[in-house]
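Structures given as C-alpha cells follow.
Each of the next two complexes has chain A plus one more chain, namely chain B in the first and chain C in the second.
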Partner chain A sequence: MSDDEISERISGYIRERFLSGDQQQELEETTPLLEWGVLNSMNTALLLMFIRDELNVAVPPMKINAGNFQDVKSITALVNELARQQQAATPAGTESA
Partner chain B sequence: MEFELTAVQQQRYDTILSASSDQLGRESNGPDGYFTRQRWKTAAALGLTGLCLPADQGGGGQSALDTALSLEAFQRGCPDTGLVFAVSAHLLACGVPIRDFASDEVRDPWLSGMADGSLIASNAMTEDDAGSDVGKLAVTARYDNGEYILDGDKSFASNAPVADLIVTYAVTNQKAGFLGLTAFAIPRHLAGVHVGEPFQKMGLTSCPAARVSFRGCRVPAVYRLGDEGQGGLIFQHSMGWERACLFASYVGLMERQLERCISHARHRKQFGRAIGDFQAVSHRIAVMKQRLESARLLLYRGCWLMDRGRDHVSAVALAKVAVSEAAVANSLDAVQIFGGAGYLSPTGVEQQLRDSVPSTLFSGTNEIQRDIIARELGL
Partner chain C sequence: MNLHQCVIDVAAKDPHRLAVADPTGALTYGVLDERANALARHLRELGVGKGDRVVIWADKSPDVVMAMQAVLRLGAAYVPTDGASPAPRVADVVGDCGARALLSTPGLLPRISGRLPADVPALDLAEDLGTASAPINESADPDDLAYILYTSGSTGTPKGVSISHRNAWAFVDWVVTELAPTPSDRFANHAPLTFDLSVLDLYAAFAAGASVHLIPSELAYAPTQLVDFVHESQISIWYSVPSALSLMMRDGGLLERTPPHGLRAVLFAGEPFAIERVRQLAGWTSARLLNLYGPTETNVCTFHEVVPADLDRDRPLPIGGAVSGDQVWAQRPDGTAAGPGEEGELLVDGPTVMLGYWGQPPHHGPYATGDIVQVLPEGGFEYVDRRDHMVKVRGHRVELGEVEAVLAAHPDVAEAVVVVVGSGMDARLAAFVLPGKGRKPGVLALRRHTAERLPRYMLIEDLHFVADLPRTQNGKTDRAALAAAARHPDTADLL
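Moving on, here comes the complex of A and B:
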C-alpha cells in the first residue's frame, strides 16, 4: 500500500469516527491530533484497532509516542515502516490469503 | 482445557489461606482504625507484598494468575478488606511499574524494600479534573538540569498517609495530550511532597487515602519510570495487572461471604425450619454462587491470557465488571439473608457491602470497562 493510500485510509477513519464526518474538510496531514485532543486515549485505542484490523499492521507499545502520533503524516510514516518490517519478517509461503 | 489448579497452585493457595486466617484473620488495627506497620510486616512475611515482584529482590516471581490466586486466598482468610486492598495497590499499581520501568539505580533496592515490607507504596494518578480522562492531568513536570520540578495536586491516593514511595504521573509535554505524560516513583520524604489528612470513606476503611500535592518538588531524573511520554502506557500496563489480579481478592471475599451465608441459612431457624429450607433463601444463595463462579472463570481467564502474552484487554475488562458487580450484588444479598443482624456493623456483613461498592469505581470505572468491551467488539 502506498503512502497516499495509507494516509487516505487513516484520514477517512479519523474524519468518520472522531470528527463527525468533517464536513468542512478541516483535517489536514499536519493537523496536530494530540494537541487538539482529537486523539485521546480512547480514540487512539480505536485507531490502533483500525490499523491492526484494516491495514494489517500491529503497532508495538513502544512505538505509541507523541512523535509517531502527532498527525496523519507521522502516523502514515509509522504504519508504512512497520508494514515493511512486518512483511519482511513473514516467512515466504505463509502469507495469509 | 483444564479447570483445576495445579498441585503447586493448590498448595500455595491453602498455605496462604491458612496463614492469612491465623495471622491476619482478626482485625487489630491502630486506634485510628488504619492498618499498622506490624500487620503490614506480617503480610510481607507471608510473601504477600511481593507476590509478582522478582525473586532476586525477595519477591515471589509469580505470574498474573498465581498472583491473583494468592490475593484471593489472602482475602478469603482475612476479613480486613482495607488491608488486602492496600497491599494489592502497593503491589500492582506501584510494584509492577517499578519492576518493569524503574532505572537501574533505584529498581532493585526499592523492589527489595517493597517485597520485605519495609517500604509501602502509593499510586497517585487521579486528579480533581482527571478521573477516567487521564489526558486532562494538570500536574506538571518541568525538566531542569538533571531534575524534574513537579507542581500540582493529586486528589485521591490510597496508602499515601503511610507511604514511603509515591508512584505518580505528570505532564511533560502539553502539546501531546495523553502521550505527553511521564511516570515517576518518588520517595515520600522529598522536599515539596505534601500528603493531606486521611479521607473519611464509605469502605476499605483500614486503608488510609489522601490528597498528594507537589509544590516545586525537585525529582532527580533517576526516579523517572520509562521514557518521557511513556506515562500513559506505563499507567495502562499497571492497571492491566491491577484489573486482573486485585479483583481476585473480591473473589476471596465472596467465597468467605458465601460460606457464612450457607452456614447461617442452615442454622438460623424461623417457623420451626432452617431458613435455608425456604426457597426464597436457598435460591438467593444459588444465585450468589452462580455470580461468584462466573466472575471467577472470567478473572482466571483474563490472567491466563495475560500470562501468555495474548490480547487480554477485553477479557480483563469483562472480568473486572463481572467480579465487582457480583461483589456488590452478593453483599446486598448477604445483608438480606442475615436480616437485622446483617445491618449491624459488628457482624461484618454490611462492611462487605461498603467494601464492595468502590470496586465498581477504582482501576477504571465499570463504565470505562464497558467502553473497552464495546470498542473491542468494533462498536
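Moving on, here comes the complex of A and C:
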C-alpha cells in the first residue's frame, strides 16, 4: 500500500469514528490528534484494532507513544515502516492470515 | 516522616536495586538518588527553596519521578500536570499556585515560552547535570506541603488539592502495613501522576525498596498491550481504576493466560467495579483483591477486601471501613449520624484529610465527600450516589459545568450541555451544542478550543450539533433526554 492510500484509510477511519463524519472537512494530515483530544487513550485502542485488522499491521507496545500518534502523517509513517518490516520478516511465498 | 526519605534510605543501602522503569528506560535507586540531588542543586541555584512550588509538565517517565524527588528534597512541593495538558492551562496552574519554576521536556518547553511570568524559569527536567553532587535533604514538617493535585472545579476553574507530608504518609503507611511489600515486589503504575492513585504505586514501592513500572498514557487503555505489559514486567501489585481491568478482561485476553507468577494483590478504586468482573477476576487469580475508596481530598479513607461471600452479591462491592488512621461516618441531612441500613453523606476526619484548596482558607475538621453511602448492617459502607453534578469518567472527576462553560465560551456556540454516556470503561462525555445564530462551528474547531483549555480526561468524545435543546416542564435543560439520545448516536444528531 502506498503512503497516500494508508493516509487516506486512516483519515477516513478517524473522520467516520471520531469526528462525526467531519462535515466541514477540517481534518488534515498535520492536525494534532492527541493534543486536540481527537485520539485519546480509549479510542487509540480502536484505531490500533483498525490498523491490525484492516491494514494487517501489528503495532508493538514500544511503538505506541505520543510521537508516533500525534497526527495522520506520523501514524502513516509508522504503519508504513512496520508494514515493510513485517513483510520482510514473512518468509517468501507465504501469506499472513 | 518525610515523603522523600524512602529513596534516600534505599539508595544508601542498596544503590543497584531497580527503582523505576518504563518501556523506554529505567533508574536504579542509586542513579535516581544522584540525579535527584543534581536537579535539586540546580533548582536551589535558581532560587527554589523550602515552601516553594514547582510545576512539572511532562508525560510520565522515570525522569519525571526523579524530578518529583528533586523538588521534595528542597522542602518544596511539586505540582504535576499531564504532558497532554494544554500550555495555557499549565500557565494558569503556574500562576494559580505561584510556582517558583517549571520543569518540562524539550518537546513541550517552546509551547509555553512567553506564557510564564518573567521570574519563573522553565527547565528541561532531564538535562544532564552531572552526578557529582552533595546530597540535599531538607527536612519538612509533617504539615508542610508535599504536592498539589489539580482537579475539576464546578465553577469553571480547577481546584488545587494541597496535600502535606503527613497526609501522604498516613496513607502510604497504611498500604505498607496492609500489603507488606518487599524489595522483590514489582508495582504497576497505571494512573497518571496527576491522579492520586499514583501515590500508592510510587511511594509504597519506594518505602519497601521495590520497583515501580510506569504505563505510558498511550498504553493505558490498549487492551492487548496492557496484558503483555503485566506479564513482561512481572507485576506483583497492580492498582488502577476498574475500567482498565475490565478492558484487559474483555478485549485483552487477560483471563486466557495464567496470571504472572508473582501477582499477589490487585487493587482498584475510583469508580464501582461490576460484580461480574470481580467474580471473573477472583476465578482467575488467587491474588488479594482490594476495593479502595477516597476522593483526592482525603486519598484512600476506606477499603474492602473481597471475600468469597462477596462473589454471590448482585450489588457492587462495599467500600468497606476506615483506614489510614481516619474516622468515617455517614451523616443524615439533619446532621446526625446514619445507623445501619440508613443512607447519608460520607464524612472523613483524620490524618489524610487535605490541608485545603490552594489559595483558599485552610481546611479544618471533617471533609464532606459529596458521596451518598449506605451504612451496612455488618459494618462499613456501600456507595450509593453523588450529591451533585460531579461525574466520574474512568475514575477521573469531571464537573460537567466546567466543560460546558468552556464550550459556551466559543464564539460560534450559543449553548452547550454535556452528559456522561455509558459507565465503567465505556463511559464518555458527550456534548450537545446549540450553534449561535447563523454560525456553523466545525467539529475540529470546537475540539481544538476545548483541548486548549481543559486537561485530556475532561475532553468530550461525542459532539452533536442541535437546533434546539429539550426542556423540562419547568424550563430547565432536560439532561435525562439528552443522555438518552446520546446513548443512541444515530439519532442524537437528529434532535
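Convention: the second predicted complex is superposed on the first by the 95 of 97 C-alpha atoms of A that agree within 3 Å, B and C clash if a C-alpha of one lies under 4 Å from a C-alpha of the other, contacts with A are read in each partner's own complex, and residues count from 1 in each chain.
Following the convention adopted for this analysis, contacts are C-beta pairs under 8 Å (C-beta built on N, C-alpha and C of every residue); 3 or more make two chains touch, one makes a residue touch a chain.
From a predicted model like this one, the values you see are computed outputs, not experimental measurements.
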Simultaneous placement of chain C and chain B on chain A, clash or fit: clash
First (chain B), second (chain C), both or neither touched by A:31: second
Chain B versus chain C as contact partner of A:51, first or second or both or neither: neither
Chain B versus chain C as contact partner of A:41, first or second or both or neither: both
Touching partner for A:14 - first (chain B), second (chain C), both, neither: neither
Chain B versus chain C as contact partner of A:72, first or second or both or neither: neither
Superposed model, chain A: greater residue contact from chain B or chain C: C
Which of chain B and chain C A:82 touches, first, second, both or neither: neither
Touching partner for A:61 - first (chain B), second (chain C), both, neither: both
Which superposed partner A:23 touches (first chain B, second chain C, both, neither): second
Chain B versus chain C as contact partner of A:6, first or second or both or neither: neither
Those residues of chain A which chain B touches in one complex and chain C touches in the other: 34-35, 37, 40-42, 44-45, 61, 64-66, 69
Partner chain A, residues of chain B touching it in the complex: 133-135, 173, 175-180, 227, 229-230, 232-233, 236-237, 371-372, 375-376, 378
Residue ranges of chain A touching chain B (in the complex, touch as defined): 32, 34-35, 37, 39-42, 44-46, 49, 61, 64-66, 69-70
Chain C to chain A touching residues, read off their complex: 23-24, 59, 83-84, 86, 216-223, 225, 228-229, 247, 251, 394, 425, 428, 440, 442-445, 447-448, 450-451, 456, 459-464, 493
Complex interface listing, chain A residues touching chain C: 18-20, 22-24, 26-27, 31, 34-38, 40-45, 48, 61-62, 64-66, 69
